[in-house]
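Lettered A, B and C in written order, each chain numbered from 1.
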């Protein structure tokens, strides 16, 4: 059974005011993610990637279609789903280990078990030295690692990531990408990764879905047959270049279209996200 | 713009509604006339002030409305000017000498908890009862706001890239200060001036109220003790209207000053 | 000793030196202007001591003022937090009421004091109400601002971790707004304090402000200055306390 199944998903932001039109953000999204896979969704800005992220994660409701986690219908945030957000989300008032323990604490897990699990996760993401530091004292990349550890420690069946490295510089992105692969392989996680970076998606994933601009649908699915384990040196291989070209061809058209979308529509959707 | 209209309508309804309630309560005699004047009569009395130019209260030291206006505003402008003249340089000094700022910091932040009005006996002893004392009190009240905002303003400029641009163009330190720091800090300085002006108003009128000299603040006090309730409410209304108008104008100007710099 | 450490010590010394400097200037002033107008620090403190030990006038006045302050401030805190919270959460109400709140802030509130006297009489209640009226504004304004500015992503994290609403408030909203809240509470105290004293100075039967005016009328300057000293000490001490608490709660967090 697939871990995540999305069937004919649609999302319309209905307008209640006369002179503002309804916006169809997502249309007929179909997606299957099996255990242990690393799937990416790529698309231009404003095409609805983050909307999709919010809907699958259960933070927003879809207006049509359904989402199934291991056969169960999803209605609201599901315990089997972990979410890593685009913005910096490590709580500045807690130390790193307190941040990582947060979800467990809210669920009522006792102190000893929390500490053990979070220690393990912090080590996995490479932040053992900074356990007792506050996020404010760390770099952006480290803060995102805290957010990732906080999600991983909940042991979710599938992890959704919405451009987690978006706010970081190029080099840090590549390094954290490598780290993510390492972690993914270690714990055999299942990851649904949203990004706008072609090289990132090709380096990390088994399969890439290219999204069209509003209304967002899956335009094309591309299998990445580059063998694993991959690393930053994969970027310079020929196959990498070929797949990148393929994606860029699809994406270029959509990005150009996205640039012509009227601002009022984007703002409208942003308010509702 | 449906929403903006809804907001404006709600705001005015609240005002009118509250005034209406007070009017009804007063006219129905639920509260004695000596305690609450109907709102409409407050406005009428106020109008009469300006129409006749006189405030019809016996034994009032200064009975012309113009006289009181001039006195109060004269004091406000004077205390404000001094607050800026002295406060601005001090603020800059505190910014330049960080150590000094840190030493004075605990006292500056507690300053507005200490009722400076309590020092008025001293000030009266030094300056006598009159305009000078009131001006001095207004000045005392306003100056710290100017100082703090000026110092913070220049500090904010420090955090940005502009001074470094000046350095890279090899400008002298005084040139950088005059042509980069000052213009860049203008919005924050304006905030300091706005607060300084408002605190001057508050300081002056509050001092007039307590000290019993002349001016709008005293007007309220005097009519209260003379049981001239109508006059008292009219004067309060006047002060409130003036304060709100000035505050509104200053806030608009402030928004414009910040907007010009793209913030 | 590092330069930095030495600098820190010098600054601490500087802070302690300021009151000493003020006392010296004070002494200078009383020489220049005469003891009649500005009694020397020594004389003032002896009167102050007498007020504490012998006649005890200080304590009875202080008690009344503190009671008024306590109640006025408490009401301001409770109501201020509630209103600030509601306005922070509800955008419509905020856009309607914020201008009112900001404008009243700019009015010389003391001129409205007679209304309080009408409603509450000359006793302590009017001072409590006046202190409340002063203190509620900064608390409301800062709480409202803090809630408005909570980063949405933190709430989203809470939702994705399936926190119940109570947990969201306790574990996410509250720690997030704490710094601004503390500032609002401190400013609220400062303003409540001023409100109470001003009220006592304007019309009262007891309290430090009242005794201040009475002493001034009798030209008993030593007493006047003693009261000023007491007020200043209270104001500075409480502000220090707030900063200490704020430091403990907030210091480590922010970049």
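Following the convention adopted for this analysis, contacts are C-beta pairs under 8 Å (C-beta built on N, C-alpha and C of every residue); 3 or more make two chains touch, one makes a residue touch a chain.
The shown structure was predicted, so the numbers you read here are calculated from the model rather than taken from an experiment.
Colleague: Chains still linked by touching once subunit C is gone?
Modeller: A | B
Colleague: By CA centroids, point me to the most central chain in this structure.
Modeller: The most central chain, going by mean C-alpha position, is C.
Colleague: What whole-number Å value describes the gap between the mean CA coordinates of subunit A and subunit B?
Modeller: From the centre of subunit A to the centre of subunit B is 52 Å.
Colleague: How many angstrom between the C-alpha centroids of subunit C and subunit A?
Modeller: Inter-chain centre distance comes to 48 Å.
Colleague: In whole angstrom, how far does the Cα centroid of subunit B sit from the Cα centroid of subunit C?
Modeller: The computed centroid separation for subunit B versus subunit C comes out at 19 Å.
Colleague: Please name which positions on subunit C make contact with subunit A in the complex.
Modeller: Those in contact with subunit A are residues 151, 153-154, 156-157, 159-163, 167, 171-172, 175-176, 178, 252-255.
Colleague: Name, in rising order, each residue of subunit C that touches subunit B in their complex.
Modeller: Touch list, subunit C to subunit B: 7, 10-11, 14-15, 17-18, 33, 36-38, 92, 95-96, 99-100, 102-103, 105-115, 117-118, 187, 189-191, 193-194, 197-198, 201-202, 209, 212, 215-216, 221, 224-225, 227-228, 231-232, 235-236, 238-240, 243.
Colleague: In the complex, go through subunit B and note every residue touching subunit C.
Modeller: 6-7, 10-11, 14, 35-36, 99-100, 102-104, 106-107, 109-110, 112-115, 117-122, 124-126, 198, 201-202, 205-206, 209-210, 217, 220-221, 224, 232, 235-236, 239-240, 243-244, 246-248, 251
Colleague: If we count contacts the way the header does, which residues on subunit A are in touch with subunit C in the complex?
Modeller: 57-59, 77, 79, 81-83, 85-89, 91-94, 102-103, 106, 134, 136-137, 147, 150, 154
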